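Heads up, there are several structures right after this.
Same chain, two partners: chain A is paired with chain B first, then with chain C.
Here is the complex of A and B:
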């Protein structure tokens, strides 16, 4: 049978370690382009993964359904699909549903996958925002049945991921047929898991996606801090903790990415001392208040949502990140070669400093690193 | 009455090495050594010896060796030498057997059964000699979120007003030891060392001597059940105020500084007549419940105009988690937990060794409870009682402490040999005494150097261990129990500690 039964952490290690390649490509004007370039770029970094996980997130791919939430779901068996479909139709109006289009490719044990285009039923929402309602139902599906896993739940976007090299996963999902204005990709090198489809990156909730390269040494406390705010870290990965931290800080506490980056990768005390008194006070308060969310140890992440793509590394930059621009395109990549492959001539290429976010926003100029 | 108690130690003197300099006679405050002029020989009264090693340390020719008395009663696993001696002493005096320092039983320590992680391959370790390694810690109540505004130029303005915070350059502070239980020179050494290193020293319950007010910025002033030396200037002088409810060495009981220790200077600082006993009641008589505690916390906050954090210190007892939760909800900025191995100047031996629980368990339970209730940010947690190395400090932080208090280790750095006779007031090392002849033995200039040496040494070791884990800020260790593994512990012990077994 399909292989969803494998868990993310078969040996019950404290968490899963990952190393990998990551890539992001965004048209700041919102013009859509095919997956060909992101796939080529990821394939170029083939050796940074080991075939136990690859995936892509794509924004702007379902313009005909742009106001509907898209649930892309993996099922262990037909029974799970039936139960999940029942739950969905109870809480949502289903605009459309179909099996995910796939083709033969070099991937391992693909599960049954369907996508549902849905609208929350107003009558079922109890003083909730539609986003909170969707999040609650997604969590319910993921934790309750044990045999169904929603791996993508935003609007006009989708996550495509599985066990295989990124280029093979892309082939399996027929990704070349999609067009989006923002693509991120991930090739995985897990050190201690056999790899299951749900455990591949991007990790996603609503329209937020995270691809991540690194190992967070502060995981133990990051997780315990997030638990105080109601997050249940069931996947036991650094990436999950990253995603929840972004959700808490950006969505729930409304902090802009410029400040969030100072929480996850804060300046050293010796740097804070040299700032203007006002900034010193603010940065000190951030470290005092959010010290438990400092992500210590090596990481590079690319976080994306509807209108933004953000690249960030740990404060002493123990994992690589290269940024580049060409006309309206912003690139982020583990390796410059992958960018050069798809865009040999670039307007600007730089290596962002540790803890300095690179931010791409639709219709606004790119905030470049101050380096 | 003839005492049936035999001397615990025997003094062996090598008469060939002895040069009759009489250093031993002068150094021993228990009159163990005396000089026999007729025979030109030094002799010993073994029954007086407490094995503090003062004479042996200062003997210029290493002529003295102190040995445990080899005479033992018939070996018996239940009726041990210690039990029999205790009963005989008690029968002869009809009193409570007193002792000093912390519990000396081996079965109540968990630190040594916890092991620390290090990085290999999947993330890099960091060399603290070449790269930044941050130990700075802030003690005080933290909000759950901040309001900030950013300007176009990238400047950030803080809108939220934070509660008062103490800044520690290393997560180690000197724990409460009152002026009276230890000498002014000890207090001077502690105050100056705290100030030099960027940490804090706690006055204990005996007030703050006038000459030490200038170190106030690095002083935590204590308010205990006797309220000795508590007045507005005292509260103003400190950087934080600590309400002492209990102490790990003697949970549930008060204190007694005998009148003979209340000298002119101590009488002035404690604000009691010279020569009178200073009795600290068992409870604070205005705190019989948690709502009373809230009133005292806020009375002290009012008195200090909300400019100083208020700590509440309790002994680690069975239901410490629930009590700590109440303390945080009552408005304390920090909870201090003092474990069963915590030291004391004087306590009934029976209480010291049988009442209270180990700090490791109390700390783990309190940190988890405060997190379960979503109030861990509202107060800092400080661990005390039996912290004997930098590894213990780091393990305490990983279990959930913001910082540790040390006292015994600080005294050991000044010369203390943990002979457990502090309650006699005759400390030959000049520490736990107010006898002016003895207190001179601590020279604050040297004391500061030794204490700063200890803080620096431990801090460097903490940095080495953090670097090994690939962590360069102490806040990433705090409450990070995944950096610990337990060995030789039961499932239940591991569960309470929130720590996995080695190999898991």
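Here is the complex of A and C:
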């Protein structure tokens, strides 16, 4: 924050109203670019957060290990690291492991951070897909010691997050040295839960990541539903259920985002009643089957995985989202100014409708929703 | 003119010629920018150009003189909030909460605006050339001679005029391919004021009804459309030839007696 004593403020209105900031930037051709622009964009929305959480997800950053799962893990003590390392070496062939490269920055109490590049041991997989095997082990690590938490576990991607403003967290992780084709970022203004390193965004499972502005008041229902599918919520933040819901619906159940958005943010019953009989039937079926995954409360999220970046708000749009395109780039942001800062000239800028996803897919042009 | 304070404040960002000031807002913190605007206003400056604006919030807040501010770039949320008489022209797009609780004055946007245009506005005028987002005119109100108005040149999204208690809201739909505004829940909770919509609306809230415009309506609409067209070089007569719908609340102050009897 600037030194407020220096400013001429006769109104003594130092109270600043905050909200989370979210930002996403994707090159639809898969060309990689440095973290510089996403960091600048996030720093431009500095005042939305309060320094109790900042983070980034980046895709395409480990091309030299592109076929390996990357576990980026925080350890609250050395015992947890020992135990976790033992579990990892039992279940995985470790291609490489190292302490996360970090530097001095204005962040609060960073834990020990380590990354492992791994391949599942075939002998340990019991008729599981490698992804399911990884998901099971990640959940086990996160619950086993209470002191080890996997930040990210996908291939050729990583989550970097912590307690600090996003630009400071980026500096801490030396993010400017990475290049990716898809970046998302988050600045946190915690509402209901404490600021800690695991509670910062993005949340992830495998290569699915979510940054979120809002509150999920259906957290309890969502959490219990996801537990039936083997997900355990350990990060003390509502957004965690989003990451697992996307992993369940899109990766495991193979549903397209067009359907998933109708599960998480279904049209109101009054809307459903006005639809064609086929659509009404389909929407009713979705609400009946997946009622426990309806995300209640105000939200805007940016979800990403290997080939897609998706922006979605709650159905009545209680949190902001602006979308824009410029050549092969798709931008999603809480504020247009952050997009303009890194790309002053844009081809299109629009406000997405509540509950209707904006979808960026590799090698696919972005469809602009109608106003 | 005592402008020494001002000049000492941010010398490298500011140039003043007679009654006109030019600010380069590159990297400028929003509180510093708004303090500077207050100082310039207090010191008799009449025209202010602000260049390289990237998201600074509350620009123009609290200003109570009839000065002109030209903004180049993308002003941040709550542009002109609580403003009491200033004219703001945005050469670009506005974000959310443009004209929040504005009391008097004018905002002209040469572009689009985000959600909550004119939130709780109680006086003055807002003109948006293109589309606007959700909840335009939410909680807008009027009292005696103070009657705020908003004109949107494009279309607006859901909850247009939500809980509207007064004022005039015009949506022209000039850029629409179809003649139906896609907005849902238009006028939900509305209990005062009037909307004039060029074209039809997909879905209305339960508290409003649609009517044809009478002569008084056309007088109000005509002068707002004339003014709108004067900013953007458009033909008001042609626009006014199309069919407009008047949307008005079917009850006024529905809870007025709730605590009284």
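Rule of thumb we're sticking to: the second predicted complex is superposed on the first by the 340 of 371 C-alpha atoms of A that agree within 3 Å, B and C clash if a C-alpha of one lies under 4 Å from a C-alpha of the other, contacts with A are read in each partner's own complex, and residues count from 1 in each chain.
We take it that a contact is a pair of C-beta atoms (placed from the backbone, for glycine too) under 8 Å apart; a residue touches a chain by one contact, two chains touch by 3 or more.
Predicted, not measured: the structure shown is a model, and the values here were computed from it.
In the superposition on chain A, A:316 contacts both chain B and chain C. Touched residues of chain A, counted separately for chain B and chain C, are more numerous for B. Touch criterion not met for A:140: it reaches neither chain B nor chain C. Of the two partner chains placed by superposition, only chain B is touched by A:276; chain C is not.
In the superposition on chain A, A:335 contacts chain C only, with no contact to chain B. When both complexes are overlaid on chain A, the residue A:83 reaches neither chain B nor chain C.
In the superposed pair of complexes, A:349 makes contact with chain C only, with no contact to chain B.
Within the superposed three-chain model, A:258 lies in touch with chain B and out of touch with chain C [touch as defined at top]. By the touch criterion defined above, A:292 lies against chain B but remains apart from chain C after alignment on the C-alpha atoms of chain A.
In the superposition on the C-alpha atoms of chain A, the part of chain A touched by chain B in one complex and by chain C in the other spans residues 316. Those residues of chain A that touch chain B in the shared complex are 12, 14-15, 17, 19, 191, 214-215, 217-221, 224-225, 227-229, 253, 255-256, 258-259, 262, 266, 268-270, 276, 278-279, 281-283, 285-292, 294, 296-298, 316, 318. Chain contact summary for the complex, chain C toward chain A: residues 9, 29-32, 35, 38-39, 53-55, 57, 62, 73-77, 92-93, 95-96, 112, 114-115, 131, 133-134, 154-155, 157-159, 182, 184-185, 203. Against chain C, the residues of chain A that register as touching in their complex are 2, 4, 7-11, 44-45, 47, 271, 274, 316-317, 320, 322, 335-338, 340-341, 349-351, 353-354, 370-371. Across the complex, chain B meets chain A through its residues 119, 122-124, 126, 131-132, 134, 136, 138, 140, 142-146, 148, 150, 154-158, 160, 162, 165, 371, 374, 376-377, 398, 469-473, 475-483, 500, 504.
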